[in-house]
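Next come two complexes, and both contain chain A; in the first it sits with chain B, in the second with chain C.
What follows is the complex of A and B.
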């Protein structure tokens, strides 16, 4: 059993409130990623679940037991830190066995458990080494191993991959995900990297300024962002935002007018959200507009065109197939998929006009 | 080929290091050489003439039971000073490391004793423990203990150890605290999650990680107890009663300037000089290299 329930959690440092009431129920075995820009309070939330930060108000329960006043060691959790937090004076074996020794488990069993975990993480040959004799990726694995060997009901990850180079990060991301699937242990994972978040999560919490902007599966957040922030944060290249005016069932974008699709019900000024891949070269069923090109980036599989829609001030990105031919053009006719348009309130940034 | 950087020969660099060299020569090398020379002489009883006797002073010292007594006393004294001041500092630093509020005030106050001159520190403790005036002696008397360090050698030794250790606690505290604060917080948190309570965390994580500092302080404290405690002893006991607190450095003074055995005193200071050299070599050669740290 490893369900975690976070109920109306608030955190203040002195008079400054950094978390303004977070609610989420995490089912047993679920992989939940907390994602947000730095300073949004995501690590604080994780550390409150771990018991490393006091809870200002609200309730956290693990295994159906309220743990607000429970010491970290009695919460049945394991945590992987950003800097791995390996004990530098102990061998890899001792690092992994430390928690088990404190639980007064028999020596033979400790040995068996550590060796088994080391084997699955391909650390078998490093057990006698000190952390400083390992590479970044190996240290990361030891930190994982130390968490796994204790067989906790919840794993907590605090940006565990941010100290690795890009290639290793992609590889470890996959390994962690596979491992979590196999062990079926509830996991709470903090990251600022939206790709990490999208690829690993069963569900995502997007945190911004201490508020959970949206909680949902990666695809829910991608297709139906609840706010401009979520729309802009999830997806790469990020969503384009263009100030528009809606009246008489039409949308005025700069000096172009396109008909308002059926799923949008709104009048007045709004922010239009369009993902770069929802632009196409003109074709039937799409509405065209003029794009003044600034820069063209050829990525091989895709072509990213940076520019402005005529009559608009916002820089936008359009993602076209890799084989399009754009030669020294200063402008391009592009079309937009009307069914994928989103509207946001210019003041609050919340989603509006949903039919 | 790259041209070598070349400066015109100039006297300026020599001029700039001259003051330092003069200070070193006048205040270190010259006295040291004088001590070496003196240690080979014997003065007559009136100090009017001296005779070159080779190593006779050293031979006398090594066959002198009083000198060996002072040696053993010094070993005991410095061990007790180092052990007590370091362990008290360790406990204080361990607690200060966990203090959240008013950290700065707490630390500043703990550092004060270090600023007190040795003689003043000695006088301070002397007043508190004075058999007739002292407040602690008075309290002890109320408990039925008759404190008199002027008569009881053990009590006198205890008193100088307390005064010497008290003064050194601040210094050790600063180093221990700095060492503890350089340990990443996440290590302590990881240990807390792994199930270690504060005491367990201290002994299995913090203490092993501050070993380099502990060794460094051990050497510094031994040197301190050997040499810098003269003022404290001079103020409290003058080496008495009956030489009960006469450590090596005090014996140098006592034999040389009170007993006027200049040659013997110089020989003792040469031996002390040798001890310092050995300790320093140990410090540089072994400890700084061998201590394991990340």
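What follows is the complex of A and C.
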């Protein structure tokens, strides 16, 4: 129960194809996050699973049943919308009960189910209020509650936290995650926020321009991005990319040369990907290079140094511990963790040189 | 904005009070005239203060009516006016709600064509199409009936257009949420769209009721049976009794009575009316 299988799904609006064939099998109880920049087709994909958007070609099945032609209400799904889409003229109770009423469930049972869900979401005292009398976070919870009372086999979330302020977002994202764990309901969650994606997902789909760039667990995507896009999208501050040249088992970065680590097997020009935290202050075991400093940001726990490696044009970010003493200096000696270097093809952006 | 210019305040109050007097004075004269007997009303100068005949006149107007051919009790005319105004406003609202619903939420061939066809009828009020409309109503045998009084006035582009705008402001997600909840189109219409538009409906009802109540030319044209006269045309009829002097006190009383229902509608629906025109919360 509750598994979703998306097979070679395509979507076109007229002649414009926005999704170019997405494939993923989602197991029962899994929390899958679809992440990507705006306009990449992630909401479209979710809405196709919901049945709100027609499928151009391909197959979607929910609970092992092909649902391409099934009405949204018969797909056994529940959806939480970005703006919550609560019925403004109905009380919280009626909002949550509306779907059940239409299913012709007995009044007493509706009452029991709604009240139970309201209790778990701490909405008990608000049941008689109208949505406009609630705060953003409470509305969000009502929207969640409306989805939960239906006891669906799949939850669909369309950027449900993007209308909340930063603090509440962090709190709600934890709550949603906990709730999903407890209910064990398969969930498909769309967001453009990579932190949300990383923290909540069992598995991530990174969408870019209608193509699934990579599907995998958050740490797989973080450590082994399949493309420059995924590397740059996942992680904050994002990965640094530097154009380099590989020759004779050395990497030429600007006017510095470092030995090529064993896991990289490549010659010719490439894009080097280094995460900001894989830079260190010089220490044994690392090769040093010169960083011309532009700006230093002190965040307390960390220090972010923005600058350029001498001989390079790319702006990079280096993440150092918070207690580093950087006085009014214009340059810094830094070293890079050779074992964490990644290479990408300068043309296609795909990972290359994996040994 | 904080302003502290006493002259401006005084000046604007003077202007406003003058405006109120200008509007209220004819109504006051009507009221005064309705409270005197027939002889005093026709004497110069006109009385400026109410007399003691108000209730006597009221009774005479309701029971007996004016002089001559049109001398009929006003009660029936008020009733006719009420039925006509209600049929027009309820009919207009029902038709416009449904047509706006169709235009906004359904995809059918020539959708925009139909919308523009409806919209163009704004340029064809009753006065412009009065001859063909009369012909059609006559052919349908609806002369001297409530249907004949109201149906030609029911089709309304204004109301359709207004509801279209209202529906367009309803977020699409609400429709989608309703679809996932299992509501079909008509369920969505009755459970969600209708309650959400209720202030607009109320505002429109006020406007349309007054529009219907004030209809003059159309009822004048299609009613020949006196039992179908409306009060607005009734007043005019009273003035045209060839042989007798017009019974001004009765006419004025009738005018007062004719003014009453629209005023009541406005007073009782004022809150909703203002909300409907200004509310943006959805």
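We take it that the second predicted complex is superposed on the first by the 355 of 355 C-alpha atoms of A that agree within 3 Å, B and C clash if a C-alpha of one lies under 4 Å from a C-alpha of the other, contacts with A are read in each partner's own complex, and residues count from 1 in each chain.
Throughout what follows, a contact is a pair of C-beta atoms (placed from the backbone, for glycine too) under 8 Å apart; a residue touches a chain by one contact, two chains touch by 3 or more.
Since this is a predicted model, take the numbers as computed values, not measurements.
Trainee: Look at where chain B and chain C land on chain A after superposing the complexes, then choose clash or fit.
Mentor: Because the two structures are overlaid on the shared chain, the partners are seen to clash.
Trainee: Please indicate which partner A:38 is in contact with in the superposed arrangement: first for chain B, second for chain C, both, or neither.
Mentor: A:38: touches no partner chain.
Trainee: Is A:83 in contact with chain B, with chain C, with both, or with neither (first, second, both, neither)?
Mentor: both
Trainee: Does chain B (first) or chain C (second) touch A:99, or do both, or does neither?
Mentor: both
Trainee: Quick one: is A:330 in contact with chain B, with chain C, with both, or with neither? Answer first, second, both or neither.
Mentor: Neither: A:330 stays clear of chain B and chain C.
Trainee: Counting only touches as set out at the top, which of chain B and chain C does A:72 meet: first, second, both, neither?
Mentor: After superposition on chain A, A:72 lies in contact with both partners, chain B and chain C.
Trainee: Going by the contact definition given at the top, which residues of chain A touch chain B in one complex and chain C in the other?
Mentor: 50-52, 71-73, 77-79, 81-83, 85, 87-89, 98-99, 102-103, 132, 146, 150
Trainee: Going by the contact rule at the top, pick out the chain A residues touching chain C in the complex.
Mentor: Contact set of chain A toward chain C: 50-52, 71-73, 77-79, 81-89, 98-99, 102-103, 132, 146, 150.
Trainee: For the complex, which residues does chain C have touching chain A?
Mentor: Residues 171, 173-174, 176-183, 187, 191-192, 195-196, 198, 281-282.
Trainee: If we count contacts the way the header does, which residues on chain A are in touch with chain B in the complex?
Mentor: For chain A paired with chain B, touching residues are 50-52, 71-73, 77-79, 81-83, 85, 87-89, 98-99, 102-103, 131-132, 146, 150.
Trainee: Residue numbers of chain B touching chain A in their complex, please.
Mentor: Residue list for chain B touching chain A: 184, 186-187, 189-197, 200, 204-205, 208-209, 292-294.
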